[in-house]
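Report on the structure given below.
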Amino acid sequence: MENVIIPKNTTDALAFNRPIVEDVEYTTLNLGPTHPATHGIFQNILKMDGEKIVSGEQTIGYIHRAFEKIAERRPFYQITTLTDRMNYCSSPINNMGWHMTVEKLLGVTVPKRAQYIRVIMMELARIADHLICNSILGVDTGAYSGFLYLFQEREKIYEIYEEMCGARLTTNMGRIGGMERDLSPTAIKKIKDLIYNDLPKTLAEFEKLFNRNRIFIDRVVNVGPITGERALEYGFTGPNLRAAGIDYDVRVMEPYSSYEDFEFDIPIGHNGDTYDRFMVRNQEMWESMKIIKQALENLPEGPYYANEDHYYLPPKQDVYKNMEALIYHFKIVMGEIDAPAGEVYHAVEGGNGELGFYLVSDGGRAPYRLHFRRPSFIYYQAYPEMCKGVAISDAIAIMSSLNVIAGELDA
Amino acid sequence: MQFLQNIFNLPPIWYTFSILSVLTLFGALGTIMSKNPVHSVIYLIVTFFSISAHYILLNAQFLAAVNIIVYAGAIMVLFLLVIMFLNLKEEADEMKNNKTIVAAVVTALLMGGILILFLRRSDKQTADKLNFSSQTGMVEVLGKSLYGEYILPFELVSVLFLVAMAGAVMLAKREPGERHF
Amino acid sequence: MQLTNRAKKTDKSEMSLFERSYLPSLATGLGITIRHFFMKKPTIEYPEQKRYLGPVFRGHHILKRDEEGRERCTACGLCAVACPAEAISMVAQERVKGEEHLYREEKYAAVYEINMLRCIFCGLCEEACPKQAVYLRHDMFVPVFSDRKDVIYGKDQLVEDMNHRYQRDAWTKEDAQKLWK
Amino acid sequence: MTNQQIAEDLLVKYGENVNSFEEPWGLLTFTTNRQNIISLLEYLKKHETFRFNFLTDLTGIHLPDNEGAEFGVIYHLHSLENNVRVRIKVFLSQDDLHIPTAIPVHASANWMERETYDFFGIIFDSHPKLIRILNIEEMDYFPMRKEYPLEDATRQDKVDALFGR
Amino acid sequence: MSSFVQWITESMFLWKSLIILVLFAVTLGIAAYSTWAERKVAAYIQDRRGPNRAGWGGLLQPLADAGKMFFKEDFIPAKADKWLFILGPCLSMFTALMSSAVVPFGNSFLIDGKPVIVQGIEINIGILYVFGVVSLGVYGVMIGGWASNNKFSLLGAIRAASQNISYELAMGMSIIAILMMSGTLSLREITQQQHGGNWNVFYQPLGCLIFIVCAFAECNRTPFDLPECETELVGGYHTEYSSMKLGFYLFAEYINMFASSAVTACLFFGGYNYPGMDFVQSQLVAFLGDTVGHNVATLVGIGAMFTKILFGIFFFMWVRWTVPRFRYDQLMNLGWKGLIPLAVGNIVITAIALLSGYKLVGIWAGLAVMVLIISIFWSLRPKKKNAVLGA
Amino acid sequence: MSNPVKLIDAPEGFEGSGFFATSFENVIGIARSKSLWPLPFATSCCGIEFMASMGSHYDISRFGSERPSFSPRQADLLMVMGTIAKKMAPIVKQVYLQMAEPRWVIAVGACASSGGIFDTYSVLQGIDRVIPVDVYVPGCPPRPEQILDGLMEIQKLAVNESLRRRNTDEYQALLESYNIQ
């Protein structure tokens, strides 16, 4: 296309048979890749008429890490280290989603307790994800304190992760067939503290700071609205789609990991503007708390991993004494599990929407092809359309309310 | 030597006056001679400042302050704003146009001649030191004369401004349906 | 599009005049922030105060010895295979006579190196080790480096010091589970 | 609405052009060819009962051993109202990696197609801007093809001679 | 010796210079420690501790910042307009320092029987002077932003210019009511009229509110920090500045905060007046004698003034760390459609109240009537069913 | 303040009877070390941990570093956090070039330091291939404590460095090896 020279301002005018009146020189503003509001890294080249955005174009791929290619070389259990780093704000969801995909392929049934623990962890991760997104929207509209108030709660979620697995962000806490560890009493206590005391208080305070604050409302209401139909066209899922009024939630539509046991609502917005996205995320945190409460109350007794010698590492003592266990141990670590050939698609409700894993296995130790359906990647396409004709401040609010996570965007 | 002696014997106010005058002229010349419009505006601001200082010398504090607030503080800011928005290029070619230069020189000579004529014909009044009121040019006196003696022209001018403002708003108003941002 | 019966609209009711005056939210906001101003701070004065990192925190690697001070590692290489970052490398060697007090198994790692900048502290090596030889310490993390040359840790930095033995509540998750009861 | 119904309906409409029906893990999977893929997507979207209005995913796959059909493009569609998914595959030969773009039907296909092009070199005809999306523009190969290595050749701290690799 | 002392005491010029110097130093000191206070206040509001490693409680933090900035590489971008690039921060600093010259910080010191007022210069158009200087303050920002030759800077400069002009209008109008009440333009006289607890804020609550809002806007503080808002324009007008030139910009902001707190205190909160000041003065005079007593009373007054100023600065910070910021057009709407009509209304109410003779009651009643009228109009507006925000 | 807080030590100098002198460089070095404004170049996971270290629990502001300057001109410390892909590498270098001296660089996390697990065609294997790095922080992502450790390491460097670091031969050689200037 580049070598076809189109004279400036003529094609348009000829096509519509009207005189050329427009000779405005637009300024080009390069937003990113190191702009403070792009958080992760992507570039927006905006054409501006004063403060108004005429059109925008994104460049992404600044942290492309070739997840899919790496996945073709790694045994199934090592891929968690990749998924953890995909949407790093809510890594347990990715983690569990991947394990569920593999379990689907291998035909492993996970015991109820493990499923409940997974639900608890996933909902904690969702809360952590939404906490970041909403508080960052506050930062981007200029109110920094709310961010730090919420971040303290996130720190508590980290403590729970630490109790579970020993890491804060890239948790790597699930295993094929269950969890790495059981919920310890300390972890349960910490979760209860968080869910019953601290988080509701802080969240209510945060809502008081923002929800009915006129300055904030003016900044976000009717900013970057998108209709439900258009959102579907652009492949929106998750809170961003729900803000547009469509109650699509994988947890309800295709329940996984016992989500059918829990009672919760799907908050939906009105016209898909930034305020709706903000409110939907806020409301989802309350719903997540409801789910965690139910899961904790009804936490079944039993094992936290499936009794599958072929896939789940045997206890260390057995490895030491028992020959069979040692063989399984070696086999699992070397990645020589007997996976069936076939193709699986499994979706979970990630922090940003439908997080899908399309796994093609040829029976080898590693996936033959693994494709991640990364919600951020798909819905970020809509950004130029959403920020057309708005001021630069709005463009930034829209961007942070979309919650584009660079790790997920660029794979 | 006698000339220098005379200069040294001048009262200090004369020094202030001369420095300010030089500054004023410098600013004025800079305004028309600099090629960059932003520089021009800044020279113009310098000019306004020195004119305000002249007002203070004339014991017109209110006028000085208002000159700075209105002209230097508001109007020139708007000027600068517009220039920044338009992002004018340095157009040196226009300056070299012979016709422009000839026209400018002729105009300047005419204006200068008229000024000199007026100055020569006018009665030179010196300040009446005995009847001089230190309050001349102060806010109260100014206010009284504006709202007393000159109330009609003052109000007419305000109406004029109102009309101008309304007109500007009407001109700048966008088409219905278009978003402001 | 109604897909489920669980949808619940979020609150987006119109602002009242009072809310539109900016004042109520400003007042509540100021109230909230001033309350935080006087609250107890959760800040950890880091270099002086250190936080308990949890019973299973994945920090600095350590190659355990057994009670008699013999190295547990048998250089089977499972940790290196399990490492997603390929940060572990080792050279195995047969134990010769007279080294029984040094190495517990017949084979040992003559060279055992971990590239600390590659390592992602995922804990898979600890999980993969069949001899319970490699652990990630819960009480200590890898220090920062100012030179690229220091980043590969050899056995001298990794093997446990018998004078300052590394202690931990439970060496396996099964043991830990027993402790809870 | 079952997979059976969809398959029968499609067979009536497209006949030979849709084939290899499968149901791995309950997900209806079938293959079509590139002449029919766009009309198929449109048909499924506009169909008054199926209404596959959501393009969940679009990706490619490289099967070097599959003579004559080395590359595949895989579409995952989702009918939100019926909560049914289908998977459609189109196989392309290595020598003629052209397939029409799905953007007119699903706007979200834009970047997914660019990604597929970036990874596999599959050319989506009449795509408005088919350039690399994730990798640098100067890259001269398509990294997700099986013949290209994963590793960065510049890594220095890896000693392959040592045990464990 | 005695003749020398006599010369000193007789020559008011020297005392005046001394007072100006002290005021100058105090301004700079307060501004410097405002940067420290800002960081501490922000930290405490956000449940943190703030800088505490440089000196006790981080008290040496401003010195560390200054030391660092002085010795940082000075950078003039290649495409920048060199002279204007340097002129920008200088102008900002200069105008910021000038503005507090006419503020009366205290009553007067009796030195050898002669009163020396605690004020830089006393001119009878004090408020106009403040306005003039403040209106020039924007040049530093504009010129710096333009000269940087960076689009973010330019956007910041443009925002700064339009914002400052718009809010100056509302600010001026809010003061007119005060001037109508006091009948003078001199800050000292306005302050003296608020003797004791007779502060203007009780007569002019709306005017005070508008003035404070405009002061926020003039200082480019959140929620009006559009010219430099970090998340949108990186650093706004000072994006390209490094080292001490940046320091000047940041410093000027704090000096402006100090100055506007001082002016607010003088205009609305009684300046150096405080309730019960007559009693204090009479007691002090009774105990310490005429001269010393008067001087100590003045000191107490200065203390009251600075308490008000420091609270003002704290308020600036408190608000900054609480509220989000406006968008450009909303800011303009608030200024032109919100504050200016309100200020005009306030002028009318004040005029009526002054003519009626019931100053206090009249103004409050007028405000109540205004609120009532606005509410009635609001409730009569066409209503939609199930209306949502912004629809 | 209840917590024990280490104050800065007085710089080493010559202490005598009523006589305390210190080299000016040391004072400036200390000033610099207490006022390191970071430029958070956060690309991925480590950026979130940087947010945590800015948060209330770890509070990087205690070290005087809470003012993140997103403009490279104003920053003293480039904190590269997260994976740097080859597409990003020129930008990192450009940001480094735009920074004013003195400037320091921390590579936070495995990815920035060495590529971490992403030994792939698209990822730069450590940012020290494009810009000189002063401190490497291991971990994936490092704990906020480790990030603070890295900051303190930079503080040590800042204190001990000569005032005109740029002019030293070693530094010039280092820059030259990266093709800077």
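General observations
Order as written gives the chain letters A, B, C, D, E and F; numbering starts at 1 within each chain.
Note that a residue touches a chain if its C-beta (ideal position, glycine included) is under 8 Å from a C-beta of that chain, and two chains touch if they have at least 3 such contacts.
For clarity, every value in this text was computed on a predicted model and none was experimentally measured.
Chains touching both chain C and chain F: A, D, E.
Chain centre most remote from that of chain D: B (centre = mean of CA atoms).
Across the assembly, the mean Cα position most removed from that of chain C is the one of B.
Counted by C-beta pairs in contact, the busier of C-E and D-F is C-E.
Remark: chain A and chain E have CA centroids separated by 46 Å (rounded to whole angstrom).
Chain geometry summary: the mean Cα position of chain B and that of chain D are 72 Å apart. Distance from the chain A centre to the chain F centre is 31 Å, each centre being the mean of its Cα atoms. Centroids built from CA atoms put chain C at 23 Å from chain A. Residue positions of chain D touching 2 or more other chains: 80, 83, 134-136, 143, 150, 157-158. For chain C, residues that reach two or more other chains under the stated contact definition are 1, 3, 12, 15, 26, 29, 32-33, 36, 41-43, 45, 53, 81, 84-86, 115, 118, 120-122. Contact with two or more other chains is made by residues 42, 45-49, 230, 234, 321-323, 327-329, 388-389 of chain E. Per the touch definition, chain E reaches chain A in the complex via residues 42, 45-48, 151-152, 155, 222-223, 225-226, 229-234, 321-330, 388-390.
Of all the residues in chain E, the ones that touch chain B in their complex are 81, 84, 87, 123-125, 128-129, 131-132, 134-136, 138-139, 142-143, 146, 154, 157-158, 161-162, 164-165, 168, 185, 327-329. Across the interface of their complex, chain D is touched by residues 86-87, 114-115, 119-123, 125, 129 of chain F. Every residue of chain F that touches chain C in the complex is listed here, in rising order: 3-6, 56-59, 62, 110, 113-117, 119, 126, 128, 133-140, 142-146, 148-150, 152-153, 157. Those residues of chain F lying in contact with chain A across their complex are 41-45, 47-49, 51-52, 54-57, 68, 70, 72, 82-85, 87-88, 91, 95, 117-118, 120-123, 140-141, 143.
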